[in-house]
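After this come two complexes, each holding chain A, first together with chain B and then together with chain C.
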Partner chain A sequence: MRNKILFGVGAFAMILLARNIYVIAGLPEEVNQGAIFKIIFFHATMAMTALTCSFVAFVSSVLFLITRKFVYDEMAVAVTEVGLAFLAANLITGSIWGRIIWGIWWTWDARLTSALVCWLLYAGYLMLRRAIDEPTQRATFAAVFSIFAFIDVPIVIFSIKWWRTQHPQPVFWAGGSFPPDWAAIFWLNLLALMMVAAVFTAVRLRQEAAQREIDSLRRMAHAL
Partner chain B sequence: MGFARLVAVVMLKDLRAELRTKEAVNASLSFALVVLLLFSFAFDPDEEAMRTMSGGLLWIVFAFAGTLLLNRSFARELPNDCLDALIAAPAPAAALLLGKALANFILVLAVELIALPLFGVFYNIRWTSQIGELMLTIVLATWGMTITGTIFSALTVNIRLREVMLPILNFPILIPALLAAMQLTSSLVAGNPITDANVSWLKMLIGFDAIYTAVSLVLVETVLVG
Partner chain C sequence: MAPLLLAQVSPDDAVLREIARLQRNFHFLSYGLIVAWLILVAYVLLMVSRERRLKREIASLRAMLEDKTVNRRG
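Moving on to the complex of A and B:
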């Protein structure tokens, strides 16, 4: 039953993504930037998905430290890995966009730098996990670091914003210029990517659960 | 014993242990010197370039040299199972962390205060004109570095690749504090006082210290005791 729901959600997300790409391809080109502007439908939504993942990882880590149930630890690692992949995709699409519009692949602008720092923070989280063998200690230390990292995200964003800014300001809030039908597609694409992230997380969660079961069986075999 | 007394006991124990061997301080100081030397090869330091880069250079030296000291903080307790004894002692983990962080703070600050005049001599920088505000910046940023560094030192003490993992975990977390310290130091070393334009960096350092001191004190029990 769980499998069917998972595959169902995954299939629906794929259909929605395909439909979105078809609609986005049919949109008129933006006046100043041309076709490349349409990358925003993926670039910005991926950043939002990654940010959601880091929030879920934070909540799971806190819940693990409170309840000591391993399911929250599994949730934290699954969602962090998925979020890291989305953040990497966000950095890459941003780089492509920057190459076309600014003429450079990378610039040390506020949001690019913040995104890279966040990526490094969560990559550190995964490296920390790999360096610890004992499951309880791994889960505890990883949860502590995840809390540190999540608290750092807003501080990093604000500090680097003060440092410099070249990134275009958001177009949705405060006198934005995004037409409403484009916004609808944008939110639909966000929904599709969130569903993809949820399916990835669920798959990764099952791997973690299987891994835990294998480990406990192995321990039992050793004990006998 | 009261909390403050426990903190002082742990701090003095760490300082005494370090000052008897001086192994971490010596290593940290020589490393700081080597990095300072290497920078002179990395680019041709003329006075104008040095002034704009001084903050960045200094804090890279401080962060690297500080990491060497912080790495030893809990690793020193591993032989003879001293760490288990410390955890079993009737003292809250927060006192243990605070004592160790204060000892590290004093040691890192000492290395920085030796490296700073040497930097001035090597690169012909008159860094003393805003000394009060410069010291304030150094104290605040060093505290931020040592409080996160000490708890990460506890986090990494028993794991593989300990020496590598500490900077990998600590530096990205420290980026806001280091960024603020670099901005302030560059401007102060060049002789400009803190004004309305860059006072927000100072607030940022204070905020960083307050947030991470609080979070570390709350979470240290979990890290040490489990």
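Moving on to the complex of A and C:
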């Protein structure tokens, strides 16, 4: 039953994404930037999905430290990994946009640098988990590290307000303008990507449960 | 000086340059979308291979435990 729900949500998300790509392709080009502006429909939504994953990882890590229930640790690692994939796609699409609009692939601007640091921190989180064998110690250290890494998330979001950056100002919450029909497609695309992230997280959670079963089977094998 | 420079750029050149700019713009949009999807597809493939490895590991551990139990009884 759970597999069927996952498959249904995944299929719906893929249909929605395919429909969105078709609609986005038919939109007129932006006056100043041309066709490349349309990358915002994926670049910004992928960043929002990744940062939502970071927030869920933060809440799960706090809950693990309070309750010591491993289900929260599993949730934290699952969403962190999924968020890392989305953040990587966000950084690369941003770099491609920058090559056309700024003429450069990368600049050490506050937004770009803080997003890269965020990616490196969460990659470090996954590497830290691999380095510790004992499950309780691994979960505790990882939870503390995840809470520490989350400090970077508000810096990524507000860096364009706090400092003068080369990155454009936000379209939705800083007086920017976006045609209402374009905004509808943007939010639908965000919904589709969030659904994809939810399916990835559910699959990853199932893998964590399988890993836990392997650990317990290994303990039984040692005991015999 | 300025009229001389302007005279060297024919209207056709300007149109061709604009077409080239728009094409390059569109190509880079395509690259961006392709890379974004490739990353997600690569992640899906990674999860599929991990799932297979986990299933194999569980099956082999169960078989080993069964063997050990039979040997102890025997």
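Just so we're on the same page, the second predicted complex is superposed on the first by the 212 of 224 C-alpha atoms of A that agree within 3 Å, B and C clash if a C-alpha of one lies under 4 Å from a C-alpha of the other, contacts with A are read in each partner's own complex, and residues count from 1 in each chain.
Just so it is clear, contacts are C-beta pairs under 8 Å (C-beta built on N, C-alpha and C of every residue); 3 or more make two chains touch, one makes a residue touch a chain.
Predicted model only: the values in this text are computed from it and were never measured.
In the superposition on chain A, A:191 makes contact with neither chain B nor chain C.
By the document's definition of touching, of the two partners only chain B reaches A:140; chain C does not. Of the two partners chain B and chain C, more chain A residues are in touch with C.
Once chain A of one complex is fitted onto chain A of the other, the partner contacts of A:128 are limited to chain B, with no touch recorded for chain C. In the superposition on chain A, contact of A:16 is made with neither chain B nor chain C. In the superposed model, A:48 makes contact with neither chain B nor chain C. Once the two complexes are overlaid on chain A, none of the chain A residues touched by chain B in the first is touched by chain C in the second.
By the touch rule above, chain A contacts chain B in their complex via residues 65, 117, 120-121, 124, 127-128, 131-132, 136-137, 140-141, 143-145, 147-149, 151-152, 155-156, 158-160, 162-163.
Contact residues on chain C toward chain A in their complex (touch as defined above): 21-22, 24-26, 28-29, 31-33, 35-36, 39-40, 43-44, 47, 50-51, 54-55, 57-58, 61-62, 64-65, 68-69, 72. Per the touch definition, chain A reaches chain C in the complex via residues 21, 29, 33-36, 38-39, 42-43, 46, 82, 85-86, 88-89, 92-93, 96-97, 99-100, 196, 200, 203-204, 207, 210-211, 213-214, 217-218, 220-221, 224. Across the interface of their complex, chain A is touched by residues 148, 151-152, 155-156, 158-161, 165, 168-169, 172-173, 175-176, 179-180, 183, 200-201, 204, 207-208, 211-212, 215, 219, 222-223, 226 of chain B.
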